[in-house]
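Below, chain A partners chain B and then partners chain C, in two separate complexes.
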Partner chain A sequence: MTADIAAILAIDGIATGAVYALVAIGTVLIFTVTRVIFIPFGDIAAFTALTLAALDARQLPGTVGLVVVLACMACLMEVVSLARAGELRAVPKAVLFYLVLPLIVVGTVWLTMRFTPPMPVRIVLALLLILPISPLLDRIVFRPIADASVLLLLTVSVALHFALVGLGLLFFGPEGVRTEPLTSMAMEIAGVHVSGQTVLILAAALVFSGLLFLFFDFTLIGKALRATALNRTGARLMGIRPARAGTIAYLLGSLMAGVSGILIAPVNTIFYDSGFLLGLKAFVGAIVGGMTSYPGAALGAFGVGLLESFASFQSSTLKDVIVFSLLIPVLLWRSLASQHSEEEVEE
Partner chain B sequence: MRKMLSLTALIGGLVAASTAQADITIGFVTSLSGPGSSIGIPYGRGIQAAMEYKNEVNGEKIKLIQLDDGSDPSAATRNARKLIEEEKVDLLIGTATAPSTIAMLAVATELKVPMIAVSPVIGQPNPTDQWGISVPQPASLLVKVVADRMKRDAMKNIGYIGYSDAWGDLVYNGAKAVEGEDGIKVLTNERYARVDTSVTGQILKILAARPDAVLIGGSGTQGALPLLALGERGFKGKTYGTVALVNPDFVRVGGKAAEGIQVSAGPVIVAEQLPDSHFAKKLALEFRAAYQKANNLPSTDGFSAYSFDGWMIFTSAAARALKTAKPGTIEFRKALRDEILNTKELSGVHAVYNFKPGAYHGVDERALVIVRLVNGAWTYQP
Partner chain C sequence: MTPQQIRLIIAAAIACLVTAPFVLNPFSITLLNYIGIYSLAAIGLALLTGVGGIVSFGQAAFVGVAAYATAWVTALNGYSPWLGLVLAVILTCSIAAILGFVTLRLGGHFLSLSTVAWGLAIAFLFGNIDGLGQHNGISGIPPISIGPVALVESRQIYFLIWAIVVAVLLVCYNLLDSRIGRAMRAMRGGNTLVESLGISAFRIKLVTFVIAAFFGALSGWLYAHLGRFVSPGPFEAIMGIEYLMMAMVGGAGSILGGVVGAAIVTLLKNSVQDYLPLIAKGASGQLEIVAFSALFILFLQRARQGIVPFLAGFLPDVKLSRPQPASPLPRREQPAPGTLLLKVSGAQRRFGGLVAVNNVSFEVKSGEILGLIGPNGAGKTTMFNLLTGALRANSGEIAFAGRSITHDQQFHIARSGISRTFQHVKLRPRMTLLDNVLLGTYSRTRTGLLAGALRLNQAEEASARYEALQQLERVGLGDKPFELAGNLPLGNQRVLEIARALAADPTLLVLDEPAAGLRRQEKLKLAELLRSLRADHLTILLVEHDMEFVMSLVDRIVVLDFGSKLCEGEPAAIRNDARVQEAYLGGVA
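Up next, the complex of A and B:
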C-alpha cells in the first residue's frame, strides 16, 4: 500500500464514517431517552433515499402510503386508550397530533409535486415525509410496552425492522435507486482528489452534531431530554413527560437518519433493504462509544468507517467479518471496565 | 322417474368433470413478493405470454395454476406439494430463486412429477430417477463465452471484482478456468456485498494490479457500483460482465460509467438486431408480441423468456407424450418426463435445447451472444 492509496482509503473511510456517525448519534439519542435500541433506524435512512429518488422521478413516493396507514393506526390507538381512561377531552388534541399533522405533511407533498419543485425543496419534502414515521411507530409499537425490559424492547425492535423491510419492498419495489449528486464540485487536498459530496457529508455530520450539542445544552426541551435519559422517574417527578420526550427523541433521530439517507443516496445505490447493514455498522460504532456518549458514538462510527475502508483494500472478502469482529474485544473491555448501571439492578 | 333423471344428471356431471380433468394441468410457482420478486415478476409475465402464444397441445386445453412462494424455499416446498397432491398437476414450472427451485425439485422427484426449472440448478441428477431439467444457461457457460470474447479481444491481464456470495464464486471460477489459455491471467479476486456503500478499496487494489480489462461478477443495479468507482478513478481499459447485469436499472444507475461494457446474454435480449438466419429471431419477435398482448407492457428482460422457453419445451414434449397416455395419470407424467429428457434441437428464444438424462442443463454456446452497451442500449456484437 502506498501513501496515495492510504490517503484515498482514509478519505473514503471518513466519508463512510460520517454517515455512520449521524445514524449512531441518533441511535444513542433514542436509546438513552427511551431505552429502545431502534434497529429500524437504518431503514429510515434508506427510506429517505428512496423517497427522494421517487420525488426526483416525479412519482408519488411510497412513503405517503406508509405515513397515512401509520397515522390512522396511531390515532386509533391513542383515541381508544384515551377513551378507556375516560379522558375524552384530550381526544381532539390526539387527533390533531397523530392524524391531522401527518396528513398535512402528506397533503403538502402531494400538492407540491404538481409544480415539479427544485432539488432543495424536494430534499425538504423527503425529510418532512420521513419525520412522522418513527414517532408514529413509537406510539403504535413501543408506547404500550414502555416499561418493559431493554431485552424485550430490543426483540420488538428487531421484529419491527423485519416488518419495515417488508413494507419497504411493498411500497418502493425491489429495485435500487441512486439520486442526482448534490454537488459536482471537486477539489485536491495535498494531491488527493476529494469529491464535493465527501466534503458535504463531513460538513453535515459536523453541523448536525454541533446543533445537537447546542440543543442539549441551551434549550429547555434539550435539557428535559437529558433529564429523561439520566433518570426517567426523577424527570417525571420534575414534570417532564417521558412519552413526550420519547416523541421528540424519535423526531430528532429521524432527522439524523433522514439526512444521512439523503447524503448517501447519490454516492451509492440504495435498496429497500440497504438500511439494515448501515444501521448495524452505526450500532457497532455506538457500542464502541458505550451506547450513552455522543462523542464516543461519533468517534466509534468514524473508526468503523476507516476500518471498513482499509479492510476492503486488504481483504475484501472478509471486510464485514473484520468490522463485526471488532465488537468482541470492545464488548469484553466494556463489560470488564464499566460499572453496572442502575437499571440492570432494577431488573 | 325424477330420481332417475337426477341420477343421470349426476352421472352426466361426473363425466363432464372428468373430461375437464383430462386437461393438462400445470403448476407454476414464482416469487411475486420478497427479495426474489425482481426476477419472479418477469417470470410470471413470461408464462402469461407463453399461455397467450400457445394454450393447447393437440387439442388438449392447458390449465395453469400459479402460486407465489414469497422468495421463501419452505413456501415453495409447500406450494409444490399442494399443487401435486391437491391439484394433481402434470408438470411443475418454477421458480425465481435457486434455493426455492432446488426445494421444489426435491418434492417433484419424491412425488414423481416432472419439473421444468426456470432458475439455474447446480449439480448432477441421478440419471435413472431424474424428474427435472433447467432452462437457463448455466453460469459456467455464461462466463466461458465472456472469457472467450476477452481472449478474442487479446486481453491478457484481467482484474476481477464480484459479489461475496455464490454468484461471485461462480464467475470467478469461470474466469479462472480459462487462465493460461493465450496468456490470460486473472490478477485480483475482489469481493463486495450488494448493500455495501463503497468499493473504493477494492477498485484501488485492482487498479494497482494494472489490468487490461475488468470482469464484473455482480448482478442487476448494484453491478454498476464497481463500474462507477472505476470511472471515478479514470480506468480506461475494457469491462466485461454477464447477463446478470442486464436490466434497465443497471443502465440507468451506471450511466456513462457502464458505457462499453460487454456481456454474454441470451439472444432474445437483442432480438431485433439478430440476423434473419439466427435460430432465435422469428420466435423471439413472436414472443415479444405475445408478451405485449398478455401483459400490456413491452418486454425488456431475459427472465420472462426463460418461462417462455420452459413452456416451449413442455408443449413439444407433451405433444409426443399425449400419443401414449392421458393427462392426469401417472403414465402421462412418466411419459412427459421421458419426452422432456428426449428433447432434441428444439429452438427457443434463448437457446437450442437438447436434454438427456444425467444433466439438468441442455444448452450449448449457441445460447449466448455478446452484447455491448452503446449509448444506453444493448447492441449485438457478432
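Up next, the complex of A and C:
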C-alpha cells in the first residue's frame, strides 16, 4: 500500500465515517432518552435515500403509503387508549398529532409532485416524509412497553427492523437507487483528489452535531431531554413527560438518519435492505462511546469508517466480517471500562 | 398430579410420536422433521435465554457452523456423516467456548449486542469462503446411515430426529434438577447472589452457553443431512431472531417451551405461506416477514410469559415428596471457640474522592456475635462488601482463618467459609424454598455436569436435599418446602436467606441488616434463632441499625462513623460511650 492509496482510503473512510457518525449520534440520542436500542435506524436512512430517488424520478415515493399506514395505526392506538382512560377531551389533539400532521406532510408532497421542484426542495420533502416514521413506530411499538427491560426493548427493536425491511421491499421494490450528486465540485488537497461530496458530508456531519450540541445546552426542551435521559422518574416529577421527550428524540434522531441517507445516496447504491449494515456499523461506533457519549459515538463511527475503508482494500468480501468481529473487543473494553451497576432483573 | 401420572403422560406423548409417521402423510412428516430440528436449537436457546437470562441472537450461526462442518466432511471430503457429527459438535462447541470466554463477562444488553455482532460475522463468512461454495452453498450431502440402513426418506430420519429431541429434553430436565442446573436457574437475576454462594457465575454462564451451542450443533447436523444441501440463507440474522421467537413464544424458562414454540412458529409460518398469497398476490415473501415480526412484537408486548408456563398454570400442582433422611454431607472443621477468625487491618475503600471506609481494623473471634453499627453513611455496607469480596479494598488487609482474602474473588471467599445474607433480600422468587436452600449446598457438593445430566450421583443429591430440608426446619420454615420463595412475607424471606447461608456450612455468617423491615414479633424470633446458632458455635457478624436488637443480642460491638472506626467494646460500654451518643444523636449536652 503506497502513501497515495492510504490517503485516498483515509479520505474515503472519513467520509463514510461521517455518515455513520450522524446515525451513531441519533442512536445514542434515542437510547439515552428512551432506553431503546433503535436497530431500525439504518432503515430510516435507507428509506430517505429511496424516497429522494423516487422524488427525483417524479414518482410518488413508497414512504407515502408507509406513513399513511403507520399514522392510521398510531392514531387508532392512541384514541383507544385515551378512550379507555376516559380522557376523551384529549382525543382531538391526538388525532391532530398522530393523523392530521403526518397526512399534511403526505398531502404537501403529493401536491408538489405536480410541479418539478428543484433539488433542495426535493431533499426537504424527502426529510419531511421520513420524520414521522420513527415517532409513529415509537407510539405503536415501544410506548406500550416503555418500562420493560433494555433487553426486551432490544429484542423488540430487532424484530421491528425485520418488519421494516419487509415493508421496505413492499413499498420501494427490490431495485437499488443512486441519486444525483449534490455537487460536482472537486478539489486537490495536498495532491489528493477530494470530491465536493466528501466535503459536503463532513460539513453536514459537523453542522448537525453542532446544532444538536446547541440544542441540548441552550434550549429548555434540550435540557428536558437530557434530564429524561439521566433519570426518567426524576424528570417526570419535574413535569417532563418521558413520552413527549421520546417523541422529540425520535424526531431529532430521524433527522440525523435522514440527512445521512441523503448524503450517502449519491455515493453508494441503496437498496431497501441497505439500512441494516449502515445502522449496525453506526451502532458499533455508538458502542465505542458507551451508548451514552456523543463525541465518543462520533469518534467511534469515524473509526469504523476508516477501518472499513482499509479492510475493503485488503479483502472486499470480508470487510463486514472484520468490522463486526471488531465489535467484540470493543464491547469487552467498554464493559471493563465502565463499572456499570448490575441490572438485577427479577421475573 | 403425582409422579406416576406425569410418567403416564410422557409415555402417551412418546407413543403418539412413534405412531405419527405411520398415520400422517409425507408432507406432515417432513413438517414434523423440521419442527424437531428447530426444537433442538430452540431448546438450547430456552436454556440460555429463559433459564440463564442471556438473550442471544446468534443461535442460527451455531446451527450453521455445524451444518457447514458436516457438509464439508461428508459432501466435500467423502467421510461418514457420523464423523461429520463429531467434527460439527467439536467445532461448534469450541467456537462457542471461545466466543463465550471473550464475551460472557459483558453485562446485560452489551452481551446480547455482541451476539448480534458475531452472529452476523459468522453468517457473512459462510457466503464468502471459497472452500464452502460461497453463496451457492454445498449440495450432494449424503444421508445419515445407521448400519446398512440409509435414512433417505423423511419417514426414516423422523425417528432419529425425534429420538434426539426426546433425549435432549430428558437430559435438560435432569440437568436443571441437579447441582449445576440449579446454579444455572439462579443466574437469572444477577451475579451477586450466585457468587456469594461460592458459584463462579462466569463458569456457569460459559457452561450454559456451550450447552446451548451443542444443541444448536445437533440441530445443524440433522438439518444438513435432512435437506442434503446447505447454503448461507438459513443461518442469517433473521433466523437467529426466529429461534429466539420460538424459545420465547413457547415460554423461555421452560425447556418444553422450545419444542412447543418451534411447532407453533413452524406451523404458523407454513400457514402464512399458504394464506398470504390469497390476500396480496405477488407480495407474499416480504409480507411474510412483516406479518411474522409484527406477531412477535405483539407477543412480546402482550404475553411475554409464553405458552407452556401459561398452560401449566391450569394443571394441578405436581405433588413432590419430602426429602427422606440420607447420609449427611461432609462438614467443615470448625475452629475452636475464642480463636481469631477474621482480622481486618487498615482497610480502606475510596469511591472517587469519597473515602467510604478509612483505615478500619477489627477482629472477630470464633463463636461470638459481633455487631457492626453506625449512623447512615458510616460505611457499614461498604465494609461488608469488602469482607465478602463484592468490593475490593484500595489498601489494607483482610485475613480469614489465617489466610489473606484481600484479593480473592467473591466465590472463593464464599467457598472458604463465609456465608452472607443481603440487606435487600436476594432470593430466586420462582424457585421453591427447598431449591433456594439447595443453592447453598453448592460449595459442599461435587456432582458435575455429566453426572447431573445423566442422574449418576443420586446419593449426593439425596444428602443435599435432606440437608436443605434440615436447615429449613432449623429456621422454622420446614412445613412447606415446595412453596415458591416469592410467596413468603418479607420476614420469612430473610429467614430463608439465613437457611440458605447455613446450608453452606459456614464458619462465619455475615448478616446485612437482618432485622430491617421486620415486625417486633419477627425480630424476637430472629434474635432467638441467632442465639441458637451461637449456641451451635457458629460465628456471626451482623450489620444492623436496630439498637434494641443489637444490644440484646451481640457479644461485642464495633462502631463506625464517617468511614472510620469510632470505638469497640461490649454493648453496655458502647451504650454509655459519649462519642457514640454524639454520633447518633448529634451531641449530648
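By our rule, the second predicted complex is superposed on the first by the 340 of 347 C-alpha atoms of A that agree within 3 Å, B and C clash if a C-alpha of one lies under 4 Å from a C-alpha of the other, contacts with A are read in each partner's own complex, and residues count from 1 in each chain.
What we mean here is this: contacts are C-beta pairs under 8 Å (C-beta built on N, C-alpha and C of every residue); 3 or more make two chains touch, one makes a residue touch a chain.
For clarity, every value in this text was computed on a predicted model and none was experimentally measured.
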Chain B versus chain C as contact partner of A:169, first or second or both or neither: both
Partner chain in contact with A:251 - chain B first, chain C second, else both or neither: neither
Which superposed partner A:103 touches (first chain B, second chain C, both, neither): neither
Touching partner for A:155 - first (chain B), second (chain C), both, neither: second
Partner chain in contact with A:320 - chain B first, chain C second, else both or neither: both
First, second, both or neither for A:334, with chain B first and chain C second: second
Touching partner for A:287 - first (chain B), second (chain C), both, neither: second
First (chain B), second (chain C), both or neither touched by A:269: first
Residue contacts on chain A - larger count, chain B or chain C: C
Residues of chain A at both interfaces, chain B in one complex, chain C in the other: 169-170, 276, 317, 320
Sites on chain A touched by chain C in the complex: 37, 141, 144-145, 150-152, 154-156, 158-160, 162-163, 165-167, 169-170, 276, 280, 283-284, 287, 317-318, 320-321, 324-325, 327-329, 331-332, 334-336, 340, 342-347
In the complex, chain C residues that touch chain A: 53, 55, 57, 99, 102-103, 105-110, 112-114, 116-118, 120-121, 124-125, 128, 188-192, 237-238, 241, 244-245, 248, 253, 283, 285-290, 292-294, 296-297, 300-301, 304, 429-430
Of all residues in chain A, those that touch chain B in their complex: 5, 8-9, 12, 15-16, 19, 169-170, 173-178, 195, 264, 267-269, 271, 273-274, 276-278, 309-314, 316-317, 319-320
Complex interface listing, chain B residues touching chain A: 33-35, 37-38, 161, 164, 189-202, 204-205, 208, 220-222, 224-225, 232, 247, 249, 253
